[in-house]
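Structures are listed in the sections that come next.
You will see chain A twice below: alongside chain B first, and alongside chain C after that.
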Partner chain A sequence: MTVAFYITAAIALLTTMRVVTHTNAVHALLYFVISLLSVALMFYLIGAPFVAALEVIIYAGAIMVLFLFVIMMLNVGEEHARQERDWLSRRFWAGPGVLCAALLAITAWVIIETAHPSVGHEVVGARDVGASLFGPYLIAVQLAALLLLGGLVGASHLRRHDRRTPLRTDGGKGGES
Partner chain B sequence: MNPTLQTLAVTLGILFTLLHVAAVLIWVERRLLALLQDRLGPNRAGPLGLFIIVADVIKIFTKEDWIPPFADRPLYVIAPAIILLTALVGFTIVPVGPGMVVLDLNIGILFFLAFSSLGIYSTVLAGWASNSKYALIGGLRMAAQMFSYEVFMGLSLMGVVILAGSLNLSEIVEAQRGMWFVLPQFLGFVIFLLAGLAETHRLPFDLPEAESELVAGFHTEYSSMKFGIFFVGEYIGLTLIAAMIVTLFFGGWLGPAWIPAPLVFCFKTFAFILFFILMRAAIPRPRFDQMLSWGWKYLLPLALINLIATGALVLIRAD
Partner chain C sequence: MNYIEFTVFLLPEIVLLVTALAVIGIDCARRGKAATGAGGTLASASLCAAGILVAALIILIMPQEGRIAGGMLVLDPLTRLFKLVLLAMTLVAVLMLMETRPVRHVGENFAVMLFAAIGMMLVVGTEELLVLFIGLELTGISLYVLVGFARSDIRSAEAALKYFLFGSVSAAFLLFGLSLIYGFSGSTELGEIGVAMQAGGMEPLLAVGLVMTLVGFGFKVAAVPFHLWAPDVYQGAPAPAAALVASASKVAGFFILAKVLLLGFAGAEGGAAWGGFQPGWVPLIGVMAALSMVVGNLAALVQNRVRRLLAYSGIGHAGFMLIALMAATPAALASVLFYVVIYGLTTLGAFGVVTVVLRAREGDRLSDFAGMSRQAPLLSFSMLIFFVSLAGLPPLAGFFGKFYLFTSAMGAQAAPGGQPGMLWLVLLALVMSAISLYYYLLVLKQIFFVEAAEGTPVIRASKTGTWTCSILAAATIVLGCYPGILLGPIRLAVGAAF
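After this line comes the complex of A and B, so read on.
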């Protein structure tokens, strides 16, 4: 189990690195999906099957498809990949890279210092997750719901047609054609 | 019998049956559609035209396997495999008889939902990797259709989960000994049926490939066995949705005691596959915006009402 956990963690780290360094948006997104799947597997391995399933359904299955949808709509091509390559020059990523390495070192140190790293002690089922979400953490669920409602209202407002001006069907080119 | 051997036998049995069902469906769908449209269909090769399956397979294998030079090669090749893989893995949690299940997970329904939502990547990536206009529009439609219909696909099942008190599919089937869940959960059944049709992008919801507008949609550029895999994957996905409907709403393997349980299950599943083919012949394809607004404006609120009402009724009866 421990070996499986570390292999999955390594895959998650590698794919997440590729998400940042890849120049093609769709390929980077696919690495992101694999990274999310490995995180789901890690959740499963430490005894949280319900959270693992939700990770796949919501993040890998729905939100990433939404991202993919937007990238396909924008239809970014070779030009965008070139631009990405320019942005990935050393003087841009050196600073964040050093800081991230420091954080990683501290995390590793904390894990090593902790006498009993708690991994996979007990299995948390769907019922327990539901009971704690709608019990002690009810206020957090309600706050999240309010936040989502705000987003929904905002999206609806942005999309609203102004009924006084007719819809333009010429793609915004005016009377050019 | 040795438990390992039994699992192996069940696994191989399900895989064997599934791949054969996918093959036979080529013939069943064409003959049945022909019957419903007042023509004969393929009836020349072999008894009842059954050898059309062999002919089709030979044809599809010997065609030129062409990868367009403008396509994104790795994704183009991977895309068909994803749909087949996710549909087959999704089948592992379906119980075909008492104790006859590959993977008796305690989160069975969520496992099914997870793999059916991963299956979208196949069509969306195929549409993107083909790098052609029709394929891209097909892929975009698939993405929009899927995340609209997936939302209430999960919600429509929660009524069943409340009644059975479990996410495990074997326990859900056992909970239907008194009454099939289709009666108390009729609304949930209808919503799941529609969402399942959208999920498998079958007519009337085959807008991602709508051949009258988009040539063949997301698989326009595909040829030979890569196209064949899409085809097989679609049939297995269809069988999976039919099997899930039977498991969740129609009592799974439960039936008359003198018929073996797996046969009861197969019979019910096949009835739903025939129903899907009938839907294809009977109902025209809606416009894309109509389909999306039905999903968000009617089916999602209905699924929510169904969930709240079921929860309330169960609580009242528990008191």
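After this line comes the complex of A and C, so read on.
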């Protein structure tokens, strides 16, 4: 169990690094799919089979495939990869990299320092997840639907092609819209 | 818990949601006649205003109080009062949107504004981390869209992208921090987290969670060093969106920050008295407050554009409010909440005036305000009131806001020698407050003493614009003369809640 966990964790880390550093969007996405699959396996190993299945079906399955389609439709080509490579120069990532490394070091130290009792291996199945979604977390679920609706309205505005310039009804005088 | 109870508790939000959907519906139905934008704007705006008023009325007359589902929804005098404040600010933003140049799909603009209002009301009315995060995200997503709404304007797009990138990274930090806190306390409810913190003491893991959570909230209230988005967003966004970000979003941000710190992180305060620092959230907030005051007020001195100036002054004001938050007493909380409402109202009014100037002169440089007092006397007078109040001169509301902030900060965190421990921060705040007077006066000098150059367009305010700004200015004066009108209910409500 433990060995399997560390192997999947290592794969998740490696592939996630490649998601960030890869200059080709499609390749980066494929790495992302692998990363999500290994995270799903980690969930399975710590006793959350339902979440693992959701991770595979929703993230690795539906959302990533959608991403792939979108990227293919956007026709991201060689010049985008070149642009990405330019953005990956050291002077861009050095500062944030140092800060993130410091944060990682602190978090790692803290986790080692903290006396934590061993994680329980209680298996949480689909029934338990469903019961809590429709029980104590009912409101949160409903509000999440609201969040999706808000995002949908926003996205439907942002994707729209405005062929004409904004309306002018004030005698052609410009200003802020 | 059952659905009826749930519906009753969320009735104002549901009214807003239905209004938003109806506005989108009208927009779709009018699509064929989209060429005449003005009529659609008026219809959508009046529908929005009606929805907001109905929601406010429901909050006013609804007798329900209490908390359901483990603090996921909380209705008490304090949350009701702040939901009303948020609704009032959204109403002003809706009126401002009506005033700006009509764009295509204006209905969506109104609808997204209502979504933002729903998000902020959820944030205010909860004591549970899950709902809190959903509310913050709903607010955030709506505001990103609002900021980027003027799609033909490259500055608006830039502002939206910056806001979105900063916002999503800070949301990630917030979520990480909240999950660590959940891991530490085993609960997502603020009250239980507070109990766990008091029992468990300051563990290293908790410290990391605390810092990450404060990063997320620091972005929401635009405190240094998480302020970089503010100037670009204030300047690039369409004025109503910027006004909403500057007022209502800040009110909701400070409200929930105060609630999380005082309820959830009770027992992890630490100390920030000069020479007596102790680990906890108070010293963290102290550093953010000091930096915000210095950076915000000094950077505002050199701004040539009024919207950027308002952004930097907003960062400085966030610093002032954070000082009183450090006192961590109910009295200090009341003063923070009083101040943030005053700040929101005056900033909203200032943005209203800026909108009018932008529309007339296509810019918001200081020189664009020249000669305004001759052309729009009432608006100029309102601007005078707003800026003098922001600078904190008596007898306006801003003075009493600052007075209560600083006295409550002085009373807290006694240093070993018996002196007020936060004297250093209060002194810094007083100096910065004096500096802020200078840049506010720079704008007022342009308005009142500089003649407009030959050929600059005349500033002509519409009736709605003048009325809205005048009412806000009148409110600032009245709250200055009788601060008890607002402070009394806030104190009572805070007393009931803590």
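Everything that follows uses one rule, which is that the second predicted complex is superposed on the first by the 147 of 177 C-alpha atoms of A that agree within 3 Å, B and C clash if a C-alpha of one lies under 4 Å from a C-alpha of the other, contacts with A are read in each partner's own complex, and residues count from 1 in each chain.
Rule of thumb we're sticking to: a contact is a pair of C-beta atoms (placed from the backbone, for glycine too) under 8 Å apart; a residue touches a chain by one contact, two chains touch by 3 or more.
Quick caveat, the model's predicted, so the values are computed rather than measured.
Asker: Report for A:110: first if it touches chain B alone, second if chain C alone, otherwise both or neither.
Answerer: second
Asker: Which of the two partners, first being chain B and second being chain C, lies in contact with A:134: first, second, both, or neither?
Answerer: neither
Asker: Looking at A:158 after the superposition, I want to know if it touches chain B, chain C, both of them or none. Which is it: first, second, both, neither?
Answerer: After superposition on chain A, A:158 lies in contact with chain C alone.
Asker: Should A:60 be classified as contacting the first partner (chain B), the second (chain C), both, or neither?
Answerer: first
Asker: Of the two partner chains, chain B (first) and chain C (second), which one does A:50 touch, if any: first, second, both, or neither?
Answerer: The first partner, chain B, only.
Asker: If we overlay the two complexes on their shared chain A, which of chain B and chain C does A:125 touch? Say first, second, both or neither.
Answerer: Only chain B is touched by A:125; chain C is not.
Asker: With both complexes superposed on chain A, which partner does A:87 reach: first (chain B), second (chain C), both or neither?
Answerer: Once the two structures are laid over each other on A, A:87 reaches no partner at all.
Asker: Output the chain A positions appearing in both contact lists, the one against chain B and the one against chain C.
Answerer: Shared contact residues on chain A (touching chain B in one complex, chain C in the other): none at all.
Asker: Once bound in the complex, which stretches of chain A touch chain C?
Answerer: So the residues of chain A touching chain C come out as 106-107, 109-111, 113-114, 136-140, 142-144, 146-147, 149-151, 153-154, 156-158, 160, 162, 164-170, 173-177.
Asker: For a test of understanding, state which residues of chain B touch chain A in their complex under the given definition.
Answerer: 72, 75, 105-107, 110-111, 113-114, 117-118, 120-121, 124-125, 127-128, 136, 139-140, 143-144, 146-147, 150-151, 154, 167
Asker: Which residues, counting only chain C, touch chain A once they are in their complex?
Answerer: 1, 6, 17, 20, 24, 35-38, 68-70, 72-73, 100-105, 108, 111-112, 115, 118-119, 122, 130-131, 134-135, 137-138, 141-142, 144-145, 148-153, 203-205, 207-208, 238-239, 355, 358-360, 362, 457
Asker: Please give the residue numbers of chain A that touch chain B in the complex, ascending.
Answerer: 26-27, 30, 33, 49-50, 53-54, 56-57, 60-62, 65-66, 68-69, 72-73, 75, 125-126
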